[in-house]
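After this come two complexes, each holding subunit A, first together with subunit B and then together with subunit C.
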Partner chain A sequence: MLGLFSSLDCSLDVFFVEALLNGVLLAGLLALLALGLNLIFGVIDVVWICYAELVMIGMYAIFYFVQVAGIPLPLSFLLAIGLVACAGTILHYLVIRPVLDQPPINQLLVTGGVLFLLQAAATMAFGIEFRNLGIRLGSVNIGDMSFAWSRIITFAVALGAMILLWQFLTRTYIGTAIRAISQDRQIMPLMGVDQKKIYLATSAIGGGLAGLAACLMVLQYDIYPQIGLQFGPLTFMICVLGGLGNMVGGFVAAFIIAQFITIGGSCVATEWGYAVAFLFFMLVIFVRPQGLFGAKS
Partner chain B sequence: MRFLRSAAACAAAIGLVASASLPAAAQKEIKLGIIYDYTGPFAGGGSLPAAIATKIAVDMINERGGVEGHKIVATYADAQSKTDVAINEAERLLNEVKVDALMGVFSSAHCVPMAAKVDAAKKFMWANVCVASAVFKGKGLQYVFRPQVHSDQFGEASCSFIAENAKAKLGKDAKDISVAILYEDGPYGTGVAAGNEAKCKELGIKIAHKEGYAATSTDLSALVTKLRRARPDVVLHTGYNPDITLFLRQAKEAGLKFDALIGHGAGYGQIDKLIETFKGDVNFFYNVDPVAAQLLDPKSLAAGMGDVTAEMVKRYKAETKVSEVPPHASMGFNQQWIFLTDVLPRAIKKHGGFDPEALRKAALETDIPSGGTIQGYGVKFFPPGHQMSGQNERSSPVVMQYVDGVTKIAWPSSLKTIDPVLPFPKGHAYAR
Partner chain C sequence: MITQKHIAWAVGLAALLLLPLLIRMIFPGTDRYYLHLVIQILIWAFIYTGWSMMGRFGLTSLGHGAFTGIGAYVTVMLWNFAGITPWIGIPVAMLVATIAGVLVGYPCFRMRITGHYFALLTLAFTEFIRLCIIGMRDWTGGSLGTQPARYGDGLSLYAFQFEPNRVLAYYIVLAVWLIGLIIWVKVDRSMDRYALDAASQDEDAAASVGINVTREKLKITALSSAMCAFGGAIYGQYQMYIGPDTIAGLGVSLNIVFAVIAGGIWSLFGPTFGAVFTQVLAETLRVGLRGSETLSKLLGQSALALDTFIYGLLLVLFIIYMPKGVIGTLGERWKRR
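Presenting the complex of A and B:
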């Protein structure tokens, strides 16, 4: 602990500002990941523990579309989003639907089982190699600061996706039905909303968001079967911190956690950034078990 | 009468079958439990090459008739890049499969707890690849042995290399050189970083920045920013994958510049994969590791060692279809070969078998001079009572440099096959 304080260096210089802005850029990706998971939980009331594994499937799909099938990158992105959306729908139909009326622990264990299944299947199918598309988008320099285009694009697309989703949820019939179901699962079927169809549509949108996250992550990260372990716990923590099922809460929580990681990493040490983020999470959960923006059940 | 004839024929047939199967049944077996990471991040970080080469060693020995008339029966277990799985597999192999000795093990994070556990149970363990000094340092282990280089030596090698080349290549005295020490925060990275820090300080090299991080970090941009602020001449990095690729990618994107990067095994030992990902950006990178055996001049080794290396390389390439055989293959093979051709025969002949006590005595008597193994170094274990008891005191790493996809030896000068390229040439992605 003494080492922690002795290495404290928070000079308010250009590098500090760079770390701060890098935190904002990282938050975009984390917020997008949390958005899909929150949407599904908010509507269906089931936590897809295997959400990051769907992202992994999307990343592998893009890799094979581009490297093996020779499909242009933009088209590969669209195909991957469609594929993961389908995977989300299939996951709901085959795995979630049968346990909808089961206790939450059963639902959690089932999706946990899917997590291990997908990881093992990916290892068998794609091998243990770390793969990537070899895309280098360069960076933009502002004074002495430098920011990767891949991160800027990720942030912009993630922000755009969130705005689009919000528009969809507030301005379309299906979107309104999705929001209504998330507010009252019992009443809406009595008002003519087909709950099963809404669940399937939500799963497809959630899967599509995982596919979109995959498109952005292949620009920054290697693809390997366990990449879900790198992002899954963090995403889940952000969702819980923001209030499970609360999309705005998840968005804000992503920014808080990302700043802990980058500013904590910049002022103290990288490993302490994560430690402090998790400590903050624990403290919030002690005080507000429903998360920062969650409603008391 | 007919019954008697039938019974006699039956008995004769049974006798024939029994006598035919007798030699096979009579061949004694030695059961080895070999643990590596065949899946998970460590597999691609070097564990799989080590595992493949270890099996090649076992196969070659069995093809030669085994060890003192004993066939080697190996059970290969997958630790899945998880410490808890590694420990469970070790217990399964020892208690259920009833292996006579445990070996392999890639990750130091697995090695440290496993060695302590196996030793406490008075079972025999032979560590092939893991390097953390913490496996042995101050532990007083009795039944665990490691011919492999240890992490303190990794850390020392890179600093010695910098000091020896500072004036000639960088135009500065060692005391004017600054390094950044980056490491994954497990036993492997921490051990190497401690070696880096101690040796660099001893040589007067400035440590501009030292920092650990979790190998599963999703973002290292803050670390890169700090390095841009500290402006080290040389980056000393110890990591696995995917952290190495994440760091290199974010470092390039952030415009981090330095004169040289020296990696320390694991992810940096996989040059084929680094080139696949970063192309020319990793040209002229250095890597500290026990030498890849095929890089050594066979004439500098004991008679027959060159042939063993050639056979290993031939089989490894046939199985994996790679062009460059990574150092991890040599590590897995070499330690296995030492055990099977030196320790085990002596245990059987001199100490009457291959129980943990016999193997321990035989290991403590190991005395292979320099040049006596395919990786060049000799083998003699620090004795009981020494703070590193069980560790090979004659092991030594080399500093290799990757030049246009080919691995060259840059240090020590007695083995070097290249005049090191230092600093990076102009135009290099990380050149100042």
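Presenting the complex of A and C:
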């Protein structure tokens, strides 16, 4: 353990600032991932353990569209978002709907079965090799610091998507119905809102957000069947830390966790950044089980 | 009085004791492979039984991959770097896992963290332990895993290494598995079981009749984590290889939970059936694919994932149509007749 921290060379220098800002850029992506999961939990009261696997399916879809089918990149992105939105709807219709009356933990585990299914399907279809689109967007240099364009674009798009979703939830009828149902599940059917339709619409939006995250992630990460295991636990942690179902809380939590990862990663080693983030998460939940911004139930 | 049940137990036990002989007679030449399969099943059955101790009371932990990891790694690290025999190393590993389990469990139970939150919190714990194992790569070998140092010809009482002699290994893990079943029955017949049953249905009501809910839950957590650590250590001693993804981490946690649910979480033989089911499924598909030319041509190397695919599909179907598991559902049918 002693040898571990001897290499600790963190000071307020340019590298620290660079790590800090890269953390902010990473937080945009993590917040987008958490947003979809939070929306689904808030409305349907189910945790999709396989959420990151939907993102993985979207990434492979883009890879297939571009490399095999030869479809231009922007169109591939749109197709992938549509595809993952459909996948979300199908997931709800075939898997979640039959277990809505079962104990919550069974609902969580059933999507765990889907996690194995999707991971294996991706392995069978594409093998275990790391794939990427080979897109190089270069980077922008500010003084001694450099930031990848792909990260900056990711951050901007993620932020834009969040604002759009917020507009949708507050300005449209179906958005209002979605917010209402997340506040009171029993009373809304009496008000003439079709619960089944709202659930399907929410699943489609949640899937679409996963698809969008996939579009942004192919710009900076390799695609492989286990990528869901890398981002899935992180996403759950951010959702719970912000208060499950609380979208604004998830946004703030994403920034906190991203700072642990990037600063920890640049000071010691990547795993220790993640490890400290998980430890911090556990300690916070021990003190505030409802999350940092969750309402006390 | 000797009942039908006693006779069934005696016959079953005798059959298990004679199994190596039987395997040698039926599969001469390949008996080592089949024994290996049975040993794997028994080790995992013990770990699954350990998990079901908590799982049956509504404490769905995704953290047991951490306990098996702690069991395996502490034992091997102590042996490789301090020369401490597993006879001391395994109890130390179990103690470490128990302390870890209580440290995570106590705040959870005090703050009434249950359901989703408990599952996701224990998931974070698993990830934390896995990342620690990878992070300490100078000792643990990082993601590549490591091996316990072989002592002599690999067959030693002092080093608790028994891998070359499969028949001996079989009897050791058979004993371990039987101990697991005995603990299960002891817990099933204890007052704690009724207290925990009550607490899992309504914590306030249970507390109001004088049950110390936190203490009861901590007791079962300590037992469950120690059992899983023991299982993990035995796994390491038999396989002579441990890796962060084969014995620790989220994959292991999920495997444990799903195998138990498939087999039946509330029955004595449910976890064991889950182990038989998952291991036999994986092996049959692996061997079947290697044998069939059309399938291996169609899927190539990635055919290895077919068992996970079918496994995931079955799990979804099990939870939707058979939430009590195979053994649980069969038992219910049996009683209803």
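Methods note: the second predicted complex is superposed on the first by the 286 of 297 C-alpha atoms of A that agree within 3 Å, B and C clash if a C-alpha of one lies under 4 Å from a C-alpha of the other, contacts with A are read in each partner's own complex, and residues count from 1 in each chain.
Quick note on the criterion: a residue touches a chain if its C-beta (ideal position, glycine included) is under 8 Å from a C-beta of that chain, and two chains touch if they have at least 3 such contacts.
Quick caveat, the model's predicted, so the values are computed rather than measured.
Visitor: Please determine, from the superposition on subunit A, whether subunit B and subunit C clash or fit.
Guide: Result for subunit B and subunit C: clash.
Visitor: I'd like to know which partner A:S150 touches here: subunit B for first, subunit C for second, both or neither.
Guide: first
Visitor: Examine A:Y221 and indicate which partner it touches, taking first as subunit B and second as subunit C; both and neither are also allowed.
Guide: First partner only, subunit B.
Visitor: Now for A:T172: first (subunit B), second (subunit C), both, or neither, which partner does it touch?
Guide: neither
Visitor: Looking at the overlay, does A:S266 come into contact with subunit B only (first), subunit C only (second), both, or neither?
Guide: The first partner, subunit B, only.
Visitor: Identify the partner contact of A:F286: answer first if only subunit B is touched, second if only subunit C is, both if each is, neither if none is.
Guide: The answer is second: A:F286 touches subunit C but not subunit B.
Visitor: Between subunit B (first) and subunit C (second), which does A:N132 come into contact with in this model arrangement: first, second, both, or neither?
Guide: So A:N132 only meets subunit B here.
Visitor: After superposition on the shared chain, which partner residues are touched by A:Q183: those of subunit B (first), subunit C (second), both, or neither?
Guide: After superposing on A, A:Q183 lies clear of both subunit B and subunit C.
Visitor: Contact-wise, after the overlay, does A:L229 reach subunit B, subunit C, both or neither (first, second, both, neither)?
Guide: Both partners.
Visitor: Using the touch definition from the top, say if A:Y274 reaches subunit B (first), subunit C (second), both or neither.
Guide: both
Visitor: Would you indicate which of the stretches 239-247, 293-301 or 329-337 belonging to subunit C has clashing C-alpha atoms with subunit B?
Guide: That would be 239-247, the one stretch with clashes.
Visitor: Taking the two structures together, which residues of subunit A meet both subunit B and subunit C?
Guide: Shared contact residues on subunit A: 123, 128, 225, 229, 269, 271, 274.
Visitor: Sort out for me which residues of subunit B touch subunit A in the complex.
Guide: 38-41, 43-44, 48, 81, 185, 211-214, 216-223, 225-226, 228-229, 241-242, 245-246, 249-250, 252-255, 273, 276-277, 279
Visitor: Across the complex, what residues on subunit C touch subunit A?
Guide: Within the complex, subunit C contacts subunit A at residues 58, 60, 104, 107-108, 111-113, 115-117, 119-121, 123-125, 127-128, 131-132, 134-136, 138, 250-251, 254, 257-258, 261, 299-309, 311-316, 318-320, 323.
Visitor: Using the touch rule from the top, collect the residues of subunit A that touch subunit B in their complex.
Guide: 13, 15, 18-19, 22, 26, 123, 128-130, 132, 134, 136, 138-139, 141, 146-151, 220-222, 224-227, 229-231, 234, 258, 261-266, 269-271, 273-274
Visitor: Which bits of subunit A are touching subunit C when the two form their complex?
Guide: Residues of subunit A touching subunit C: 1, 3-4, 47, 95, 98-99, 102-106, 108-110, 112-121, 123-128, 225, 229, 233, 236-237, 240, 244, 269, 271-272, 274-275, 278-279, 281-282, 285-287, 289.
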